[in-house]
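Right after this note come the structures.
The following pair of complexes shares a single chain, subunit A, combined with subunit B in the former and subunit C in the latter.
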Partner chain A sequence: MEIELVTFGKISELIPNQKIEVEASNTDELQTNLEQLFPNLASMKYKLALNKDIVQSTQELRNNDIIAIMPPFSGG
Partner chain B sequence: MSDKKIKNIFVNGPIAPEFIAKSISNHSSKTGIGGHSIFMGQVRKDEIDGKTVSAIDYTAFEELALDKMQDIREAIFNKYPLSCMHVHHSLGTIYAGEICLFVFTSSKHRKPAIDACDEIVERIKSALPIWGKEIFADDTHRWKENQ
Partner chain C sequence: MRYNNERYSRQLILQGFGEPAQSRLADARVLVIGAGGLGCPALQYLVSSGVGSIGIIDDDIVSVSNLHRQVLFTTDDIGRLKVEVSSERLQRINPEVDITIYPFKIDSSNVIEVLNGYDFIFDGSDNFTARYLVNDASTLLKKPLIFAAVSGYEGQLAIFNIAGERDERTNYRDLFPIQPKDGEILNCAENGVLGVLPGIIGAMAAGEIIKLITKIGRPLINTLRHYNLLSGEQYEMNISPGANYTLPKTKAELSSIQYGDVDQDAENYTEISAIDLKSLREQSTTLVIDVRERHEYPKLHDKEILPVPLSELESLLAKDISEQNIVFLCQHGIRSATAAELFNEKYGDLKNIYSVKGGITKWSNYF
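Moving on, here comes the complex of A and B:
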């Protein structure tokens, strides 16, 4: 299925926003795929958001879902 | 779920001292208020490995940040007896010495205003998807990490 990736902060410099084709039925599987596709990610701290909700525990994925990859926040 | 309108906290560019003054004077008609507390975040000219920070460039996942801010707003109003709460955070390039965060709480008595203001700032820093890129005088950069 196709997933849209949006990235922020430091991660946006390594992984530009893009659509990718993945074989993953949930966000845990997607995370494994992402770390294979983008090996730099494996050593970084980050959180995922699925369609604008922060992923706390694994969520089912659907075609055309939007996944945000977010490094630690540094606002304020 | 709340049916309250989601408030925008984001401002493009620095928060002007005149805006802060206006926010204070806007409360003069709310005579039940006995105490205000204000926090202002200012961009610091840090020196890191011999290089000087000249500005911070802020970006955010705005929709998610506004949702999270709404949760914080509701939690704070439930916890403290506040008359009002205002939060403004900059996006874009903010130079050293300029204001990038303005939190303003008001209450009948000082203590809830002070405690709520403090808790809001802590929560903004830990829970809102906002990123600061420290721009050095030589145009290189480093992504900020909150302490």
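Moving on, here comes the complex of A and C:
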């Protein structure tokens, strides 16, 4: 299925906004796929949001879902 | 009369604002953590709008590299305490506001006492140690926390510890349960920030605080706003409570948590000055490694300083190094300390590991 990725901060240098074709039925599987596709992601801190809801436990994925990948910022 | 009506006349005549809202502002007590890029603009608007009591906590002094974004300060203020300069400027903007300054670093021994005197906490600090400490303390005390942070061209803004529509309260650990290690995520000093960006985010934060106090509009409760200055886009995400963390439940528990850097005494690498580095290189075989990323300025002309960005350090860790002394260097001495810690784990007492304290910025004449 097709998933749209929206990325922020340092993660957007690694993964620009894009649509990707993945075999994943939920956000946990997607996370594993993403870390295989983008190995540097595995060592970074980030949070996922599925269709603008922060993911706290694995969520079912549907075609054309939007996944945001957000790192923490500390600057002030 | 508690406040000068003329001063606030343009907001008093607003529909949906008026005397009740202005009175709520006059009664409110807001603590601003960090008088930096976010704190300066937030303070200006909180003070101008007539928030009755304001606390400012910051132990830092004004430096020239602050001035492009910390708009309360002038070139003449370099070297002065930020809280003192802020208080003077703000008091001139609005003498009706009661301003209290705390010229020290917020830590687990003082956080409860400082936060206790305020109804709303604004976190405009510049490091994760302060952010996690303030988050946990605000949550423990059930105080509304307005969170703002910036990096590069992007900013984040959220309100925590206030029940939303579904009666759920969230805090920063619902986004990032575990505090990142020092050097794991770059801060403004390390990563850079466009001056106007914290101005926008800090002003947005002041707007949210004023909405919360005056009970107008729809504040960003349980919502994380992400703002990208380059695209002008805002992306808002709904935050729900997560389950994979525990928060301190008592003040004693909070003060037992190690938020800060590992205790200096526990480290086996040594922090040195650029002057020490010079004599060290003259005395014995010394490998100097610049762990900054390749795009960072200033470029170093010393050909004997090996550039190995922190992100590529693992490869060097696997190799054998013949020099007895290994010295790490970066912009401010934060990433170099991380690198020194990493190498210390491998070499222990076999080699002497150093980090240049204050980095290239502090010792610019030496590099």
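Note that in this section the second predicted complex is superposed on the first by the 72 of 76 C-alpha atoms of A that agree within 3 Å, B and C clash if a C-alpha of one lies under 4 Å from a C-alpha of the other, contacts with A are read in each partner's own complex, and residues count from 1 in each chain.
Heads up, the rule we're going with is that a contact is a pair of C-beta atoms (placed from the backbone, for glycine too) under 8 Å apart; a residue touches a chain by one contact, two chains touch by 3 or more.
Please read these numbers as outputs of a predicted model, since none were measured by experiment.
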- Task: Please work out whether A:72 is in contact with subunit B alone, subunit C alone, both, or neither, and reply first, second, both or neither.
- Result: both
- Message: One more residue to check, A:56. First (subunit B), second (subunit C), both or neither?
- Response: second
- Return the chain, subunit B or subunit C, that is in touch with more residues of subunit A. C
- Have a look at where A:8 lands relative to subunit B and subunit C in the superposition and call it first, second, both or neither. both
- Query: Which residues would you name on subunit A as touching subunit B in one complex and subunit C in the other?
  - Reply: 6, 8-10, 49, 52-54, 68, 70-76
- Message: Under the definition above, what is the set of subunit C residues touching subunit A in their complex?
- Response: 34, 36-39, 124-128, 131, 148-152, 154-156, 174-176, 178, 180, 184-188, 191, 193, 198, 224, 226, 228, 235-243
- Residue positions on subunit A within touch of subunit B in the complex are 6, 8-10, 49, 52-54, 68, 70-76
- Query: Which of the residues in subunit A end up touching subunit C in this complex?
  - Reply: 6, 8-10, 45, 47, 49, 52-54, 56-57, 68, 70-76
- Touching residues (chain side subunit B, partner subunit A) in the complex: 41, 58-61, 63-65, 67, 89, 100-101, 121, 124-133, 143-146
